[in-house]
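When the chains are written out, they are named A, B, C and D in that same order, and each has its own residue count from 1.
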Amino acid sequence: MSVRTREAYVDSLRRQKPNVYMDGKRIDNLVDHPAFRTGIDSAAVTYDLSNDPKYLHLSRVNSPIIGQEISRWTHIMENEQDAIAKTKLMAALGEYLCPCSYRCITGDVLEIVKEAQKNDWIIGGGLISPKGDSSKGVTGQSDPDMYLHVVEKKADGIVVKGAKAHSTAAPYTNMLCIEEMELLPDYFVGFFTPLDAEGITFICKAPHAPEKPKELENPLSSRFGGHVESMIVFDNVFVPWEKVFMCGEMEGVATFGTILGASHMWHKCMCRWANMGLSIGATALIADFNGVGAAPHIVDALNEMAIDAEMLRSCALAAAVEGWKHDSGVYAPRLAPVAAGKVFAARKLGEDRYYMQDAAGGLVATMASELDYFSPTVGKLLEKYYRGRDGVPTADRVRAFKLIEDLTASEFAGWYHAMCISGGGASQTYKAVVGMEYDIERCKAKAKRAAGIRQ
Amino acid sequence: MSVRTREAYVDSLRRQKPNVYMDGKRIDNLVDHPAFRTGIDSAAVTYDLSNDPKYLHLSRVNSPIIGQEISRWTHIMENEQDAIAKTKLMAALGEYLCPCSYRCITGDVLEIVKEAQKNDWIIGGGLISPKGDSSKGVTGQSDPDMYLHVVEKKADGIVVKGAKAHSTAAPYTNMLCIEEMELLPDYFVGFFTPLDAEGITFICKAPHAPEKPKELENPLSSRFGGHVESMIVFDNVFVPWEKVFMCGEMEGVATFGTILGASHMWHKCMCRWANMGLSIGATALIADFNGVGAAPHIVDALNEMAIDAEMLRSCALAAAVEGWKHDSGVYAPRLAPVAAGKVFAARKLGEDRYYMQDAAGGLVATMASELDYFSPTVGKLLEKYYRGRDGVPTADRVRAFKLIEDLTASEFAGWYHAMCISGGGASQTYKAVVGMEYDIERCKAKAKRAAGIRQ
Amino acid sequence: MSVRTREAYVDSLRRQKPNVYMDGKRIDNLVDHPAFRTGIDSAAVTYDLSNDPKYLHLSRVNSPIIGQEISRWTHIMENEQDAIAKTKLMAALGEYLCPCSYRCITGDVLEIVKEAQKNDWIIGGGLISPKGDSSKGVTGQSDPDMYLHVVEKKADGIVVKGAKAHSTAAPYTNMLCIEEMELLPDYFVGFFTPLDAEGITFICKAPHAPEKPKELENPLSSRFGGHVESMIVFDNVFVPWEKVFMCGEMEGVATFGTILGASHMWHKCMCRWANMGLSIGATALIADFNGVGAAPHIVDALNEMAIDAEMLRSCALAAAVEGWKHDSGVYAPRLAPVAAGKVFAARKLGEDRYYMQDAAGGLVATMASELDYFSPTVGKLLEKYYRGRDGVPTADRVRAFKLIEDLTASEFAGWYHAMCISGGGASQTYKAVVGMEYDIERCKAKAKRAAGIRQ
Amino acid sequence: MSVRTREAYVDSLRRQKPNVYMDGKRIDNLVDHPAFRTGIDSAAVTYDLSNDPKYLHLSRVNSPIIGQEISRWTHIMENEQDAIAKTKLMAALGEYLCPCSYRCITGDVLEIVKEAQKNDWIIGGGLISPKGDSSKGVTGQSDPDMYLHVVEKKADGIVVKGAKAHSTAAPYTNMLCIEEMELLPDYFVGFFTPLDAEGITFICKAPHAPEKPKELENPLSSRFGGHVESMIVFDNVFVPWEKVFMCGEMEGVATFGTILGASHMWHKCMCRWANMGLSIGATALIADFNGVGAAPHIVDALNEMAIDAEMLRSCALAAAVEGWKHDSGVYAPRLAPVAAGKVFAARKLGEDRYYMQDAAGGLVATMASELDYFSPTVGKLLEKYYRGRDGVPTADRVRAFKLIEDLTASEFAGWYHAMCISGGGASQTYKAVVGMEYDIERCKAKAKRAAGIRQ
């Protein structure tokens, strides 16, 4: 069946045996390990969505490649309509609350796509090598492994060595898509590999989320978004040729990078748009519960965030509409608008949090815990003194504060902030990308015409 | 002929005999009056564009209403494709340097459209009454004429009284489209009228542009953008019923307002986008001429402006793609993205000017005049001391400075700033509009789900 | 001895027996409870400073009240020189790394001052009542206890009921200073009380900091800044008249509020200034370790933060210099500059974090834990792949990343963010305060003169 | 008499015979030339202030150098008290409406000071050479005169050649103070010279202000602020040794540059502060006249501008308080706070204008001229339709709009914008200055301590 359920996804994880470490210990069964709970649940949301009758028109599509109905998350886009539909699918996902489902990586490139579509895989990505001294290129490092590279070419495949940092969610995907694109033959390589291939080690960071659900305390991050980050180390890993899609053919690198970046940033714009909607809602909710829903500074804050959200969504739509078709038939969104959107979104996060917290007030940081609130000792006092406006159950007001704490002042909030700024590449990089994509020379020519300069 | 030339447009103006005053004096022949030169030239650019072979695919369209090829500026949009094409046409217009051609007002509503299409008219607009005390509505004013209203209904038409402020370019359009939409029967009226109907007086403000062209001194505003602003006074003007399209039928007012606002802001986004391109070009040009084109702060400024320009263009595209079809068959762009874009653009103008001036340096404000530069007395000294990097003719560098002065520190720059902030309505109004268009209740519901609040 | 050591301070805490709850459980010995460790250490820093030979000229002063050398933290300022010295003392404290020592509350008002000076007390504050429905005043609440109030006046003292929210650090201070300043006689009251008076309950929130020190993982918040927040409930607490300093005398309320707000915001400006210095340092450090210390965007980020830091420090200095002397002889800093600084600082925090994270890159969120880094299993791999530029020990680079994680993406970071925005009152409130302090009428008169309006 | 009147100042100008050109023509009598009217009046305001009984305590001071009462504008500061008094004097000047009086240049260096104090001179400055290709230093230019330099040293003096750009107000000062500080002996020179020394030519730019006063149309720039800019060309000008204060002695250059920059930026902060007050007043006034003085977005705009103004003033005060004493005995304000303030102020100008225009609405750009308003033809119509709220004379409302037009959308507004951004040096330069003044190494050391890095 080419569209999986949440259960089928989890089952597939059980069949994989990756070599996973966290806090210095090996984890054999990650599916049942508390540190992986919210990460897997977050990814699973995309499978729920694929089976939600309300969204079937968006979530499923007929694959021209395998001739079956597949999940749109594994679909290779062919045109603008595809891109618009996917933008809407991302918006629908936003309604599922999950701040990050990690379906933004796609293996748009190969035979493997058929298998991915048939099995409705989640593909894990590894793009960024550790790099050591960032000011020096691949050749300037004292350790040749600071960038991933081919150490041997054999008749039946290649052997690779190195590491990939910042691989969100990687241990609970179904297939890894690894790329290095430095301009040296051995350092220009792309391949797919199962997670449990020999020589691969995942060194994981426990999620920025509570291990045991605290449904009042961390209402969002107890359920979603607490992804596990990992560094994937490749210690002489063998990859058969049929899973290698790049190996030293360095033309087209810019194009490939552009497609990858555009696709990732496009998803990021919509993720942040969904999150902005949650910020707007949380601000409106707490203001309402505090009795100040109509205060001018609240209305102003909501308007400001709504402006930002509309602009961000516009970036995603513009990228979808102004995309282009690669020779391979793949339709790619345009990079510039979503690179702009990424930078914009990263900068605006601090502002959104300012609005939420300023609307809520000090209790965001000072409210007692759920253990207090539900305790026989002091629970009654809190029930008395945490009341808001008449008609709002105190527990609901407490939940609204805890949501804002989860969104702005929790460990999860910290992780999400970092994701917004650095996820998919530094904001500074994307800022430069927009400048390069923009046709400055056309602008200069226009300025010359305006100035009456003839040359 | 349904697509006019610049000449045909100017001829049509000669045949009109509006009652026009400026600086206290009546102007009989405005076509040849210096104060109207750049305004008329700016509007005429749209006719040049309609006849430019390079852009015919964008500028012309077959009218389903009159069954002839017409100018897209008079076309009633029917679908998303129309909207995307028009967005591209606006972008093409941006290449013509003209900061404002005033073709953003369209009479989308009536029989009159056929005539407008056949004759390729420019329609002038009058929407905003003087209002007196803004805090009071139509009924709170001491003078009933502070809002335009119907003073008499006759068998063959109506008689109206009042005034319309802020009518850019009105005296050199071909037909006025006047609306008042207050919720009192006599104050809810819309009609077309020729400019020279009895009882109409235009009180004009001389343009913020040099009367005599100073091609070095004011390279842009000597040619384009110096529009004449006017207040149009209606002193018991008679309008026959066939030109009246609203008269007391107050349903649908919100819809109509939304369409008008969306259409206007959509054009504004693309105008400002074109202008941002000019800011980018001017910054890059002066930096190049000063020998610092690759300085990090210049690159950074260009990147920042490119981000803003991409976002603004994305707003216009998103509005085009996410538009909706009115019962009448008219396709309207979505309001929220372009209202957001308007506010964004208005705020960014100050920043663009900061970048341009900081890149250029003090000569923007202190450079001697063209009379000095071309003079036998001190011209040689200026030629010597105004030199920039080798290979750049001094005159070209002077022109680049003068362009930035024209764009940031001239009277025209002042007018353009005001247009960006208040043109088509106050930024504050559009800020509120985005908030109202955004579905805050949906966001609140989402926040409740996230917080675990069940009600 | 009127200047205490850290040890004397801790001893004094041992002698107090407040009624403290956390997570539903009573805590008898808070000095040795892990949740109070960093909070007490943070407060103790001020005692270290008072005994640091390097800063004695700032930290000690002769008290004109008790005629002994005392700590400047308990000194009542008398003039501008005092205010400048205290500004310098706050700057010195900033060098101690501690993001918040909670010595910003002072009991400037009474006899109790003598005792505070003699004993070098930390005074705890309680100013903000729960308030319930914020849109309604004290009289509009359904529960009269939503604001603290006098329930009985006796011959020897008063009995009070209610609660104070947001009392940072209260359980480990030496004396509470509680105020309610609503304009109803029973709701206008101010008094001192020992923490362990009968009827007082502290309901505490565990700090946003690791209970067990993780010196690599949370290098800052393992040591400092993890303050305990509490709500203090007063259940018919008796206060003898000699500790009551306000009881129904409602004149002078505005003045008193102004002094309190100014004093608190003045400290806040310098706290944030110190924290900005740490942001600047952390950004410079990680960029250096990554090999990109001279990259233009890093230099630009440092410059931007330096500008903000200079401005914030200027606010504190201006408040010190332009202060005023109350009839009582107390010198108070001017409110407007530091209220402006508070709003500025709250807004800039998101930006500072953007710079830090953008300079550092993804490892801020994705770096493995210290348990991994020091583990025999994967530690070697991390040592290999976490290397930065030559000459920098990998462990140092790891520490620099962890510092930025602690500053931007930890629970502590979340708490600190909330403190910046809401601590001492909502930013929105202080924004309004600046507007009220500014002499708008003088500005209007000036505008009239400029416009030539004579009236 | 060591404190002059306005009349004495103007008389002194009549006695000077500088070689002045404007628009290609020589101007013999600049005092009576309309282009110099507002410039001279603006400078003269400082003399009015020196004789205004209300401000004598600020405007006059006893000179320790010549032992007479002098104007504070010519006083050499000796300590913090001097600096605070001067800050207050600048604030007082701000009440005189004049946006720029050009008394910010002081000749702090020499014997000439005595003469300046005795005669209460205005000193004109020339600091910035044309520079040609900015990317190349003094040695990289194809024309050696792109930087001013010594061409000959004689027994009795030196001969200099070159030019100084951007010399605001120079032709109506009493003595020029010229500096070049490049690190080549011939290009390191500083001297005083009378304006009418042989070989000096002023090439002037007509002011961005109306030649004939339009008291309703340009209420501010008709009176003040329309300064004449000039390039001063030195064609082998002889300077006697007694007026030369630097000639090849290149030590101390950094110090001297720091003092100059700090002094200039300090004045700039207070100028912009005064101007912000005018923006606040104009916004409050027009909102009041429009009947919306209490609208939340107006209050918010006023609060925002008040915050900015307080911060800017704080920068000036902090610089005064934290200044330092040069070996020569001169007290200099600290550079960093006012360099920060300059950048801040330059960026905020666009925002201030946004607030003013958004509060005022479209009439800022579209209001008819004073010729219309006072005309018998259409004046009555304007009187009727330009009415605001009851109780406000229409003429007053018109004046308020015209003031905002003058402040935001006039030629003067353009010049003022350029002055804010580039005046006294590019904002980019001062941004870098703050970064250099800030002790980044101290911050890094602090970050290391916080991170637990021991080295």
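Rule of thumb we're sticking to: contacts are C-beta pairs under 8 Å (C-beta built on N, C-alpha and C of every residue); 3 or more make two chains touch, one makes a residue touch a chain.
Only a predicted model underlies this, so the values are computations on that prediction, with no experimental measurement involved.
**Student:** Hey, what chains does chain B share as contacts with chain C?
**Tutor:** A, D
**Student:** Let me check something: if the centre of a chain is the mean of its CA atoms, which chain is farthest from chain B?
**Tutor:** Checked the centroid distances; the maximum from chain B is C.
**Student:** Identify the chain pair with more contacting C-beta pairs: C-D or B-D.
**Tutor:** Comparing C-D with B-D, the pair joined by more C-beta contacts is B-D.
**Student:** Starting from the mean Cα coordinates of chain A and chain D, work out the distance between those two points in Å.
**Tutor:** Going by mean C-alpha positions, chain A sits 51 Å from chain D.
**Student:** What whole-number Å value describes the gap between the mean CA coordinates of chain C and chain D?
**Tutor:** Centre separation, chain C to chain D: 40 Å.
**Student:** Compute the distance, rounded to whole Å, between the mean C-alpha positions of chain B and chain D.
**Tutor:** 36
**Student:** Identify all positions of chain C at which a residue touches two or more other chains, and write them in rising order.
**Tutor:** Answer for chain C, listing residues that touch two or more other chains: 297, 299-300, 431.
**Student:** What part of chain B is in contact with chain A in the complex they form?
**Tutor:** On the chain B side, the touching residues are 84, 95, 97, 215-216, 219-220, 277-278, 280-282, 284-285, 288, 299-300, 302-304, 306-311, 313-315, 317-319, 321-322, 336-337, 339-341, 343-344, 396, 399-400, 402-403, 431-432, 434-435, 437-438, 440, 442-453, 455.
**Student:** Under the touch definition given earlier, write down the residues of chain A that touch chain D in their complex.
**Tutor:** Residues 296-297, 299-300 of chain A touch chain D in their complex.
**Student:** Inside the complex, what are the residues of chain D that reach chain B?
**Tutor:** Listed in rising order, the residues are 21-26, 128, 130, 132-136, 142-143, 145-146, 163, 165-168, 201, 203-206, 208, 229-231, 233, 290-292, 295, 297, 346-347, 349-351, 353-354, 357-358, 360-369, 371-372, 374-379, 381-382, 384-390, 405, 408-411, 413-415, 417-419, 421-423, 426-428.
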